[in-house]
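In this document, chain identifiers A, B, C, D and E correspond to the written order of the chains, with residue numbering beginning at 1 in each.
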Amino acid sequence: MFKKVRLEVGVVFAIGLSFNALTYFVSGRLPEMPLGVPAFLGTAISILLSFKMSQSYERWWEARKIWGSIVNDSRTLVVQLQSYLSTEYREVIAEIGHRQIAWCYALGDSLRGLNPLTRDTGCLRVEDISKLSKHQNKPLALVQQQALSIKSLAEQGALDVFCRVQLDKTLVRLVDSMGRAERINTTVFPVTYRLFLHAAIYLFLITLSIAIQDVHAIFEIPLLVLIAALFFLVDKTAYNLQDPFRNRPSDIPVTAIARTIEINIRQLLGEESWPEPAKPKTFFIL
Amino acid sequence: MFKKVRLEVGVVFAIGLSFNALTYFVSGRLPEMPLGVPAFLGTAISILLSFKMSQSYERWWEARKIWGSIVNDSRTLVVQLQSYLSTEYREVIAEIGHRQIAWCYALGDSLRGLNPLTRDTGCLRVEDISKLSKHQNKPLALVQQQALSIKSLAEQGALDVFCRVQLDKTLVRLVDSMGRAERINTTVFPVTYRLFLHAAIYLFLITLSIAIQDVHAIFEIPLLVLIAALFFLVDKTAYNLQDPFRNRPSDIPVTAIARTIEINIRQLLGEESWPEPAKPKTFFIL
Amino acid sequence: MFKKVRLEVGVVFAIGLSFNALTYFVSGRLPEMPLGVPAFLGTAISILLSFKMSQSYERWWEARKIWGSIVNDSRTLVVQLQSYLSTEYREVIAEIGHRQIAWCYALGDSLRGLNPLTRDTGCLRVEDISKLSKHQNKPLALVQQQALSIKSLAEQGALDVFCRVQLDKTLVRLVDSMGRAERINTTVFPVTYRLFLHAAIYLFLITLSIAIQDVHAIFEIPLLVLIAALFFLVDKTAYNLQDPFRNRPSDIPVTAIARTIEINIRQLLGEESWPEPAKPKTFFIL
Amino acid sequence: MFKKVRLEVGVVFAIGLSFNALTYFVSGRLPEMPLGVPAFLGTAISILLSFKMSQSYERWWEARKIWGSIVNDSRTLVVQLQSYLSTEYREVIAEIGHRQIAWCYALGDSLRGLNPLTRDTGCLRVEDISKLSKHQNKPLALVQQQALSIKSLAEQGALDVFCRVQLDKTLVRLVDSMGRAERINTTVFPVTYRLFLHAAIYLFLITLSIAIQDVHAIFEIPLLVLIAALFFLVDKTAYNLQDPFRNRPSDIPVTAIARTIEINIRQLLGEESWPEPAKPKTFFIL
Amino acid sequence: MFKKVRLEVGVVFAIGLSFNALTYFVSGRLPEMPLGVPAFLGTAISILLSFKMSQSYERWWEARKIWGSIVNDSRTLVVQLQSYLSTEYREVIAEIGHRQIAWCYALGDSLRGLNPLTRDTGCLRVEDISKLSKHQNKPLALVQQQALSIKSLAEQGALDVFCRVQLDKTLVRLVDSMGRAERINTTVFPVTYRLFLHAAIYLFLITLSIAIQDVHAIFEIPLLVLIAALFFLVDKTAYNLQDPFRNRPSDIPVTAIARTIEINIRQLLGEESWPEPAKPKTFFIL
């Protein structure tokens, strides 16, 4: 865990050491730093850090909510199709259901910057895949295919117009979820804020190390390093949470969620086999 | 109540005692720790703890809102059926109403990791139960049955297509509530944040016990233990609130809410008997 | 106002007095308490109190929003009926409008734990009242009657099916508002949090009274009592806000709001007489 | 700007002066007040003030959002009418559009406690105005007229029933916005909270003036007055923001927004003349 | 980056220097300022600054969400048209799709105070452009054209009435997004709050420079300047975030988002060429 803030902690260690060394050699020349200065700086940093943590957590939690909506709307889509169509359309329902599974995997890959076509989900027909190649935004192309499948059902007279509109609304919600996930993924969190925070933490540590120079180095250095590690780790946690689709352990587990959707859809379709659910991670390191 | 933080408080007690002992034996060797250091740490911890409490409370409150929506939509489902269907469909309405009661109990059990089939609610027909056995997600399977019941009513011509769409929307909202409760249940709150907090609390207590070593042990130890207990109890409260479906006293009372829904639905159906409401807990210990 | 925290302030007065007395008699034996300890505790308490105040206020404000929605949907219901039905159904519209007024009063009474049937609103027909007696949840039973009135209009052919669905949506929103108000009313706010707060405030006051023992009692005691009163009054305000349907002055004024709805509905119906609006309270004591 | 807190600042000036005078005359009799006491009080006040500012700002911002929705739904209403009705209904569209403009002005006046009928917008027909006189809530009466105009269009067969339902939804949203604005206007913000804050600020200033009595009066008095002014001005800002419809400079500019709506609607209707937009205030004093 | 707060930092530098100079010349005449005064002021400023940062960030994030909704609804509009209309209406779909692209660019320009007609998107027909000239609010006029195109499709019988209503809902959402973006753009954030903050920061710096006058100028001046720069930069960040449509680097990248929409729509329409996506800025300076 400390690996992640090695650099920062190292710098802090060096600062502490050099100020202690200075104390021995040029004792009396170092400024008197009242402890009130770093104390107030520490409080200010806590407040600014708390704001940052709060915003990052909200981004992460919104991303999780979006994928929760995707779970709900994927299930709803299949239940609606089964409710609206007579049993002779069993195969079309399965086709749309499978495409929905593929969409979930594709959206997850696409958010993480991977090419969705390299994953073989076994859920897309060959002609669907070939149509995807021309599109930059594969999940959007798959939603278009879903819309055209529903159009074709409506044109065959299999689907009442009101029921069709309900399916359409479910698709609208899926397009919304996709767009919201993309928004979180592409919006850069103001980076200057983090620079100010780091600057403030270093300023705090320098003033603190001067202020407590009378404390023996054996106590002072670990204290400085621990407080520094604490601040930098909270900052790092916030940094990791704010971009939840980056192939990091703190990511929203998009593939595991897509797997859950696959299991749910296959069971709703009455199929006999489905993949194992992804193992939940027992220990969650940010 | 203090039982819950026994371990932590014990450690604090030991720390306080050993630093006091040290003061007597190696007096003069212990570092001078200005009180400003633990004071600033205590403020920082309060701020981080406040953020954690706030997020945990929001998870808990969202879980409570979700079950509030389930109450509303369950009532709405029955009122809508009675409003849309002529009185000759009384029995189908009762069947769907009873299945809705069973769904509520099943969702509650399922969220708590219990097998919904072991609870005999007397609300499901034998054929419904047999169909459930193949499904991993029993509440989802029950929603599917509700959708198919409504489909069958529509196919018999008992239900206007617009009214049907309204019932469908109520089911969509129930699927949403289910998915949102599952989301809260399966999303792990970043655990590292809690580790940092604990580390910070211990660091705070160690520096505080050094800083106030001049205070007599008879006053110092209880003071340390009380402050430690306060921090650890707030942290524990936050920890318990953040997972509201774990069979703990601070849980959302899902069974009691399902009972309320059962009473409401049975009275709306004009039935003669219903269960007693669950006794509200008079004292709520987290 | 101070009546409400008399007990707590009395305890504080006693603490201050006894520590001052101690200072005179065992002067020199009392521990040295650096002011930093109560200062940090006071900051921590402010932060935790601020979180509590914030959550309580949000519950209160949500309750107010719910009753705002009830105002809107009650007005909407009448405007919709007048828009959808031809003028020959004037009396049915009046009947539904009056029942809506009765529902608002009944929901208010029911939330406050009063029996809605004891209030004579003059808005319900005798047969409606008799049907209510069997129901535990009177407002829910009244919504069911509204739904059946609308059903009967639809069966007479007076109401287009699309318009009917709009009325149905308005009823769904009213059921939602009812359920949300009940949720706030029945959900116990974690009481342990308040216990911790009180413990922390007493700990703060004890350490503060030791820390400022050198200040003369004539200044110390009022200072302690004022600070204590401030903390306990903010806590009491939060406590009162968090349960907004308890017959307290800080309650949401449900009866006054129901009165406003009655006036609005009677004027929309073109009636000649309506009650006076409830006098707004000029001074609002929590 | 300082005019607004003259009284409070005057009191603070007097306090500072009298404590300084006391220092000269009874020097040695004044209590020793450690600076920690006012410092902690100042922090506590900042936290409570920050909560108050935050809630007030949210009320103000919600009020602004409500008027934003009114802009959107007013535009939508006209665009929908033009889209649903054939061009021969041009005049009815204009009539409804003009009534919508009148509604916006009337709602703004009504929220500010002015009589909407005294403003001559030139947008209402004589018969509309005469019907208004009997109603206490003029904007609600205007919405009822809009609903009846739409009803009359539907009865003439000019409006498809589905399209009619869309118009109805737009009206429902307008009724909602009206009710939400009224809710903010009539809900008294808990006044006791503000009393506590003021008491705390005075307590803070008294303890601060004792604590820094050694500082020369020429520096002490301005310092006290500036800090007091800062706290009281933030409190005043919060106080002004919390009631956004009171004819104050910090109000939501309801008349200017209604003017914007008038311009938009008149241009959508293809009219040749429209009023000038209200000048934005270049400097915004709270 | 420091360029932006040059003025403020310069003033701070001057203050620090003059107080240091004063210390040398009139040493002993300068007041004793306990460090507690600036420390408490610094904490208060952090809290008020944190509130300001939080509100500004929310405005900025809301603006980003609005443009995310515009992305979603623009895609939805095209997918819906393709799903509802038979393939013979290919050209009308393309026309509406192109107008939608033009609308996005026009809204972005209009929010930034630029004239939308000066940008040649190649997406509008000549007759559309000519109709725009009379309108002040060009994006609103374009939405009106979209509504009339859909009306014309409906009148030709190409569009089922239910499907038409779905398209209409998508347009309503676009009007909403437009209005919400305009609301953020035209609502002035209470400027007095910022004045108080600046006053408080200067007061803090003056008291701090007096309080630490014993620290040597070589250490004192940089410390003052760094702390001042930190506060002013956080304030500047908040100031820039609060108005997200002002042609600043921290703006919502409305043109880049409109470009994305153009690419998506052109690919959905099956066109062969589309513009390059806008390069994401690799370093984001506020």
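In this section, a contact is a pair of C-beta atoms (placed from the backbone, for glycine too) under 8 Å apart; a residue touches a chain by one contact, two chains touch by 3 or more.
Keep in mind that this is a model prediction, so the values were computed, not measured.
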Q: With one step meaning two chains touch, work out the least steps from chain C to chain E.
A: 2
Q: Take the average of all CA coordinates in chain A, do the same for chain C, and state the distance between these two points in whole angstrom.
A: 38
Q | Approximate Å spacing (C-alpha centroids) for the pair chain B, chain C | A | 23
Q. In chain A, which residues are in touch with two or more of the other chains?
A. 36, 39, 43, 47, 50, 162, 165
Q: Using the touch rule from the top, order the ring's chains starting at chain B and going via chain C.
A: B, C, D, E, A
Q: Quick one: which bits of chain A touch chain B in the complex? Just the residue numbers, please.
A: 1, 35-36, 38-39, 42-43, 45-47, 49-50, 53-54, 57, 64-65, 68-69, 71-72, 75-76, 79-80, 82-84, 160, 162-163, 165-166, 170, 211-212, 214-216, 219-220, 223, 226-227, 230, 233-234, 237, 241, 250, 263-264, 267-268, 280-281, 283-286
Q) Which of the residues in chain D come into contact with chain C in the complex? A) 31-34, 36-37, 39-41, 43-44, 47-48, 50-51, 54-55, 134-137, 140-141, 143-144, 147-148, 150-151, 155, 161-162, 164-165, 168-169, 171-172, 175-176, 178-180, 182-183, 186-188, 190-193, 195-196, 199-200, 203, 207
